[in-house]
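Below you will find the structure I want to go over with you.
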Amino acid sequence: MSIGNFPFVVAALLIVLGLYALLFKRNLIKMVIGISLIETGVNLFLVMAGYRTGGMAPIYTLAPTPIRDMVLPTPQALTLTSIVIGLATTALLLSFAVFIHRHYGTLDIQEIKELNG
Amino acid sequence: MNGLQSGFGAWNPIAWTLLFLGVLVIALLVRSRGRRDYKRGTGQTRVFLSGNEEPEERGGLHVRGDNLYWGMIDGLAAYYRRVRALHTGVLSDYVAWLVGALALMFVILVLVG
Amino acid sequence: MNALLVHAPVLLVAVPLLGAFAVPILGKLGRGVRDAFVGLIIAATAALAGLLAANFFAAGAVPFVYQLGGQSVGIPLLSGGIPIRILFEIDGLSAFMALITALITLTGAVFSFSYWRNRSGGTLYFSLFLLLTAGIFGMELTGDLFNFFVFLEITSIAACGLIGFRVWLRRSQEAGFKVMALYTLSGLFVLLAIGLLYSEYGGLNIGYLASTIGTGILDKVALGLLLTGLAMKAGAVPLHMWAPDAYGEAPAPMSAVLVANSQASLYAVFRIVFTLFSATVSATALGWILIVLALLTIFVGVTMALVQSDIKRLVAYGAVSQIGYMLLGVGVGLAVSAQAAPPAYGFVAIQGGLFHMLNDAACVGLLFFASGAVIRAAGTRDLNRMGGLAHHMKWTTVFFAIGAFALAGVPPFNGFASKFLIYEASFQLSPFLSIVAILSSILLLAVFVKGFQAAFLGPRPSQPVEKAPVGMLVPMAVLAVFVIGLGLFPGFFVDHIVTPAAKALWDGPAAYITTVIGLGG
Amino acid sequence: MRNEMSVIVRTITRCVYGMILLFGFYVIMHGHLTPGGGFQGGAVVASAFALLLVALGAAGVKGHLNRHILQTLEEIGALAFLALGFLGIGTAFFYNLFAGTGGFFGAPAGQLLSAGTLPLMNWAVGLKVMTGIACIVIVMMVGGRKEETK
């Protein structure tokens, strides 16, 4: 059974949801969640870009003879790297949020605007 | 060797510097021809503003940063009101600019393409 | 020596990376050991960059690749016409950018030593500093889009870690969060574009993509994503709002390195529009997009600088406006490059734009260093509460004045030399461009007159002033020498390093492509 | 907030802790043969640390997970990875020196001791990731705790 373009729709939906959170949510933590959502959407897109219907896992030693379709390994490597980077950025953003709460006493982005003009 | 040619004009900093020094020497020469009987500590160095003498103790006056160019900034008040209002300092607005610029870029690239 | 030269591209990334991970361990042995080690690493990196660039330009600036993990470092292995393995590709522009980065990171590190002299906790700062250095070099040297994304994110994370490094300052945390969020978002745009390109062409090597790029809607979407994301990271108006926050709130030496980081993103913009997507959209349209961005950046940057009362935000907006001059020069070159007989002034414009990157790095670095020393001395960043520092800090005063004059384009300093090329070339495309550029330059002089007058002139300050230590004056002096040297002998630098870099853009992507696949296939 | 969770959680944690560790190390060790590798295995191991931290509280694992030791180990992991890259610099950076030589890690493809420097790199990355994520979790937890007592 083919899954068609459904994952791409989900990826687009995730990205739009994340942008919605970044644009309209006021809580810093929710904005971080928004960024994570966008990242998940992009990752899903990458994995889908390398997917082949009926393809098998790209493991060199398990390749059957004759070679059948394999899922492309490069996008998976990309996704993995992007997940690692996402982990680091999320951790950094959250620690900034902790310190902002300590200094400003709020997590409302509309009130954290000393740097303007 | 050290100059720049733009195909339209030329720029040679060494020549410019030599010229600048030459003019400086001339200026100093002219200055040296001036009156030597101009003396400090006499009435000749008193400061007048619109005919009123400025008191000496205001020699310690320092025009602070924002007072400079207030006239010009005041003249551009309408511009500054708008542009400074754009720099809200709110992250959501920055993201909105980014998304808006992306959308505009798509439209331009696809239309022009 | 020869082996060093062969491996220089990868060592430029590997050596600072090694330093970044070794510093926290060596930091336990004491401050002296740590500083000596960081100095050694950063000096070695700068020497490698100098060696690489000197040999590259002396040998006629022929692009070459470095292949990681291969049987040889040279021509890449092709699989079905697609280059495999991780490639570094060095052409005129990459080598030129590596020189700029080396200059700024070296002086920035020396300045940092004095900056952290009397404070604790500098060890992780230097670790992140070296990580950022590795990331910037990687962005400039890599020949592979995915690697580029990784290095982009390395610079983002390291830069934001450094912006928010002083966790006891509330504003630095605010700036750190905002900049990190925007950097991440732009990084994700870039990643999405990379995914689009991969799914379309099955490869990520820039040379390979450039050789097969089409004109479809997906290509245009990818171009839009890349261009917007990278223009944001370069700080072009209207996506510049993070830049004054970041430059203003980071520690002073970091602000200078952040400018090098922005310039690396700008390099990527140039690489993308000239090499990668040269066939997708008409160069005239792309060129005019860059020109419009440039004019906005120049004008808004300068006018916003005029009303700042925080000395670092003032310099930061000045730095933002200078990004506009680079975009203007290269944009003019791009706009005319597609004509049947491209006029010579297009090449001059690109020369001017690229030369201005080097000049801007030197002047803005100098100004950020000087303002760091000023803030340290005055104990405040508010220009309305400063004054009379010239009585105590003669050298800093001189250096600030040199940097300010140079950035504002006053002859005979270096800023004028590159702006001269930009003015002359853009005038021939449209007089309006050069009018905006010249007027903004004059306005920028007014900005720095304000900053200089408020901080340095005036009566002797009542409270005692902490003078800038020698460790801070030396990097300033080095940059000041560069500013004057570049100003007095622009022809030498333009002929030997700027022209090959400009040729790499002006001559189109053919040389870049054949280096990867023309010979190996 | 109490520092540790109920006795059920603690007991189950003690039961599965070793298993999670074992599985994490398995994933790291077979990184060059099966899906997975240094990062994934390291993340699994770090999740065991995080579980321990959640179940027993920061005080409960004080002797077990020392942040400074973890940090040092993280740097060592990163340095080891770079050192493996430098090993091949006689040919090219990251050149796989040991692969296919029949000696050290040079067994034919598909066996555990094959693929030259790749499994070593997996171990280096695994070490860095498990200690790095554990550090982040500990710092976040301690930082959040301070916040609440204020």
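Before moving on, here are some points about what is shown:
We call the chains A, B, C and D, going by the order they appear; numbering starts again at 1 in every chain.
Heads up, the rule we're going with is that a contact is a pair of C-beta atoms (placed from the backbone, for glycine too) under 8 Å apart; a residue touches a chain by one contact, two chains touch by 3 or more.
This structure is a prediction, so every number in the text was calculated from the model and none was measured.
Per-pair counts of C-beta contacts peak for the chains B-C. Set against the Cα centre of subunit D, the chain with the most distant centre is B. Chain centres here are Cα means. That of subunit C falls 36 Å from that of subunit D.
Rounded to whole angstrom, the centroid-to-centroid distance between subunit B and subunit D, based on C-alpha atoms, equals 57 Å. Averaging Cα coordinates per chain places subunit A and subunit C 28 Å apart. Here the CA centre of subunit A is 22 Å from the CA centre of subunit D. Not a single residue in subunit D touches at least two other chains. Residue positions 84, 87, 89, 91, 95 of subunit B each touch two or more of the other chains.
Among the residues of subunit C, those in touch with two or more other chains are 177-178, 181, 185, 245, 304, 307.
With chains as nodes and touching pairs as edges, the resulting graph is of another kind, matching none of line, ring, star or complete.
In summary, the structure contains touching chain pairs A-B, A-C, A-D, B-C, C-D. Residues of subunit C that touch subunit A in their complex: 146, 149-150, 153, 156-157, 160-161, 164, 167, 170-171, 173-178, 180-181, 184-185, 187-188, 191-192, 194-195, 198-199, 202, 204, 244-245, 248-249, 304, 307-308. Of all residues in subunit A, those touching subunit C in their complex are 15, 22, 28, 31-32, 35, 38-39, 42, 45-46, 49-50, 72, 74-75, 78, 81-82, 85, 88-89, 92-93, 96-97, 99-100, 103-104, 112-115, 117. Interface of subunit C with subunit D (complex): residues 7, 10-11, 14, 17-18, 21-22, 24-25, 66-73, 86. In the complex of the two chains, the subunit B residues touching subunit A come out as 84, 87-92, 95-96, 99. For subunit A in complex with subunit B, the touching residues are 19, 22-24, 26, 31, 109-110, 112-117.
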